[in-house]
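Each of the next two complexes has subunit A plus one other chain: subunit B in the first, subunit C in the second.
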Partner chain A sequence: MSRYAADVTALARKDLLLELRSRDTLPAMLLFVVSALAVFHFALPSGSSARAETGLLWIAIVFTALLGLTRAFSAEREQGLLDGLVLAPCDRSAIWLGKTIGVTAFLVLAEIVALPAFALFFHPLSWELVAAVALADLGIAAIGTLLAAIAAASRARELLLPLLFLPLAIPVVIGGVGASVGSNPASFLGFLGLYDAVFAILSWASFEYVVTE
Partner chain B sequence: MLVGGIALALFWAPEDANQGFSQKIFYVHVPIALTAYASFGFGAWKALRLLWTGGTHYDLESYTAIHIGVIFGLLTLVTGSIWAKISWGYWWTWGERQLVLFLILFLFYSAYFMLRYSTEPGPRRERNSAVYALFGVVLIPVSFLAVRIAGTILHPTIFTHEGANLPGSMLFAFCVCLAGMLALAATLYRVELAGKRADQSLRELRELLA
Partner chain C sequence: MITARKLSRRFGDKRVLEGVDLDVPRGGFVLVTGPNGSGKTTLLRLCAGLAAPSGGELEVNAPRETIGFLAHEPLVYRELTALENLDLYGRLYRIPERRERCGAMLERFGLWDARNERAGTFSRGMLQRLALCRTFLHEPDLLLLDEPFDGLDAEGAELLQQELVARSRCTALVATHDPDALAARATGRLALA
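Moving on to the complex of A and B:
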């Protein structure tokens, strides 16, 4: 068990270190989310409700995540690293878990910038919104990592990932928007938690089949 | 059987007090929807068998079942939209949970086809498609729940139609229609699978000759 944890930590650390040295993904995500918020300001007619603004924030979050996920396996693919990882004497689901932790870290960092920017541009945040974003991050990272691995095996990688990801992200958006504008946020937060649990277990269990040749 | 069911539905079952004749589409729409679910479920079952046992013939079976499911899903959207137009005057209403759910599923399984077409044939594609098909069958209840809890907040009015308290004659006509639709789907599945298998063996033969 502790071996598994050590493998996961090593893999997640590798991703974070790689990003720290190359700075490929995170600056792009930050710039994208802030530009998207600026675009939304002009897309909304003046006098739009706070509910509409919150809905747009969720679009920004989902698309920023998509931007990060497209890059999730690019280093592995370019260097042919995935084959090496699969051959390494560790459980393959550890690869998924390590990658998911890395992706979650990127998402959280992007939102540490995005949420204050949203509060500055639009309206103050509620704690329900922050909680919903945190829960949504886990689900998006879990499912997105698996789908990114699936898409990496196809010819149309960058094109395919959004198509695979968005239908599965619809429940996240429903839960997130419901928790941030609805009158009963607890049930939506519960739903997001359930979504995370169900899809994390499913991705964890099925990752092995996706990467094995 | 399907024809018999529709005839029963049209001429024998009593008309709904509120919706009148347009309610007859219920006998087509709901069986199609249930058949689509059944096809998706069957496809996911085959996908699970593929991952479990590694038998490569499950790939084609799963693909065919999902293919049939998508056709029935599209028919559900069309018939549901016609029903919505007649009953409520709109072609599309986000308040109708089943329609929204089917739209999500339709998008999801269209992406499944994109995945299949853009991956090289081989064990990798079989397993990736199988994993994605399994995600689909988990997405059904999850989205159902999502659309259900969202219904109360994002859409103020929900149309609740047809509880379980159907009169006997309507229920009988409905069951006949459902059985007929399932039989139709099973037949289509057989035909399509035979066609796809023939196609595959033809391709293998060609490769051998080339």
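Moving on to the complex of A and C:
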């Protein structure tokens, strides 16, 4: 287990270092999510319901995540590096977990900016909303990283990733909006936790088959 | 160490390899020659386990951690330094005394002075040297080398020759357009059409 953790740490550290050097992904995610919230602020009529406002936040989060996921395997794809990682004697699921940790970190950093911006433009944050966003990040990163790896192997990757990811993100939006403005947030938070667990296990177990023939 | 019988690989309707028979005994050094598109790279990828055969049989008696694979691409991150790249692979291959080993490899291939420079700033020849460092870093038993002299200058080619001589106990399958450079070391040849 400690070897597995060491592999995951090395791979996640590599992704964070690459982003620190290249600054390809995070600035784009930050710019997108703040711009989207600003556009929604001016587009939404005054006196709109909290449900409508929160729904727009979740749309912004899902598309910001999609932006990050599009770049998740860009270094590996452009330089054929997945071969080098697949040949290494570490468990292939460690590649997925390391990448998922990196994607989660970028999402959390984007939301550290997005949530105060949402509070500024719309209404104050509730603990249920923050908890829902935290849970959604895990699920989005888990399934999104698997789908990004599938799409990276395809020539139509820019088209394929949204086609695969957006339908699977619908439950996240339902759970997120329900937990944020619904009458029974605990059940929706439970639903998001279940979503995380199911898709994390599914992605962890199937990643090997995605990166090998 | 490697045995293939009627090995084939297709991409859609296109046959890349068809009916290839190959025997590479332990300690053998087999050169794979052939024109562009004859399937040399595909054969190496099959032996590395990076692709699956479409037909025939392939047996490679070498665990993943004992394979040293040199591809067309250097398989290094352009945004990381030479040392950081080797350190990453050293961690994944769980190499004892990793830092010393990475430093020794960089010195051996003349990259020590460039150890803290990003791989993206390297010339083609320097990238190939770094790729060779990565390939030999974990002391592999089976070498799968795709055009190992590609991009190397005379000094780099000499360093590679010395490395191969020092690893005379390794089994190797080498795809090359220049078989004469390795003729003295070769124990067999496979010509792909």
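Just so it is clear, the second predicted complex is superposed on the first by the 212 of 213 C-alpha atoms of A that agree within 3 Å, B and C clash if a C-alpha of one lies under 4 Å from a C-alpha of the other, contacts with A are read in each partner's own complex, and residues count from 1 in each chain.
Just so it is clear, a residue touches a chain if its C-beta (ideal position, glycine included) is under 8 Å from a C-beta of that chain, and two chains touch if they have at least 3 such contacts.
Keep in mind that what you see is a predicted model, and the values were worked out from it rather than measured.
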item	value
Combined model on subunit A where subunit B meets subunit C, clash or fit	fit
Contacts of A:L202 with subunit B and subunit C, given as first, second, both or neither	first
Subunit B versus subunit C as contact partner of A:L120, first or second or both or neither	neither
First, second, both or neither for A:A186, with subunit B first and subunit C second	neither
Larger contact residue set on subunit A - subunit B or subunit C	B
First (subunit B), second (subunit C), both or neither touched by A:R3	second
Subunit B versus subunit C as contact partner of A:V130, first or second or both or neither	neither
First (subunit B), second (subunit C), both or neither touched by A:T212	both
Which superposed partner A:R21 touches (first subunit B, second subunit C, both, neither)	second
Touching partner for A:A75 - first (subunit B), second (subunit C), both, neither	second
Partner chain(s) touched by A:V86 [first = subunit B, second = subunit C, both, neither]	second
Smallest separation of CA atoms, subunit C relative to subunit B, angstrom	5
Residues of subunit A contacting subunit B in one complex and subunit C in the other	212-213
Residues of subunit C that touch subunit A when the two form their complex	45, 48-52, 63-65, 67, 69, 71-80, 84, 88-89, 91-94, 118, 134
Subunit C partner contacts - residues on subunit A that touch it in the complex	3, 6-7, 10-11, 14, 17-18, 21-22, 75, 79-81, 83-90, 212-213
Contacting residues of subunit A [partner subunit B, same complex]	143, 146, 150-151, 153-156, 159-160, 163-164, 166-168, 170-171, 174-175, 177-178, 181-184, 187-188, 191, 194-195, 198-199, 202, 206, 209-210, 212-213
Footprint of subunit A on subunit B - complex, ascending	51, 104-105, 107-108, 110-111, 114-115, 118-120, 123-125, 127-128, 130-132, 134-135, 138-139, 142-143, 145-147, 149-150, 152-154
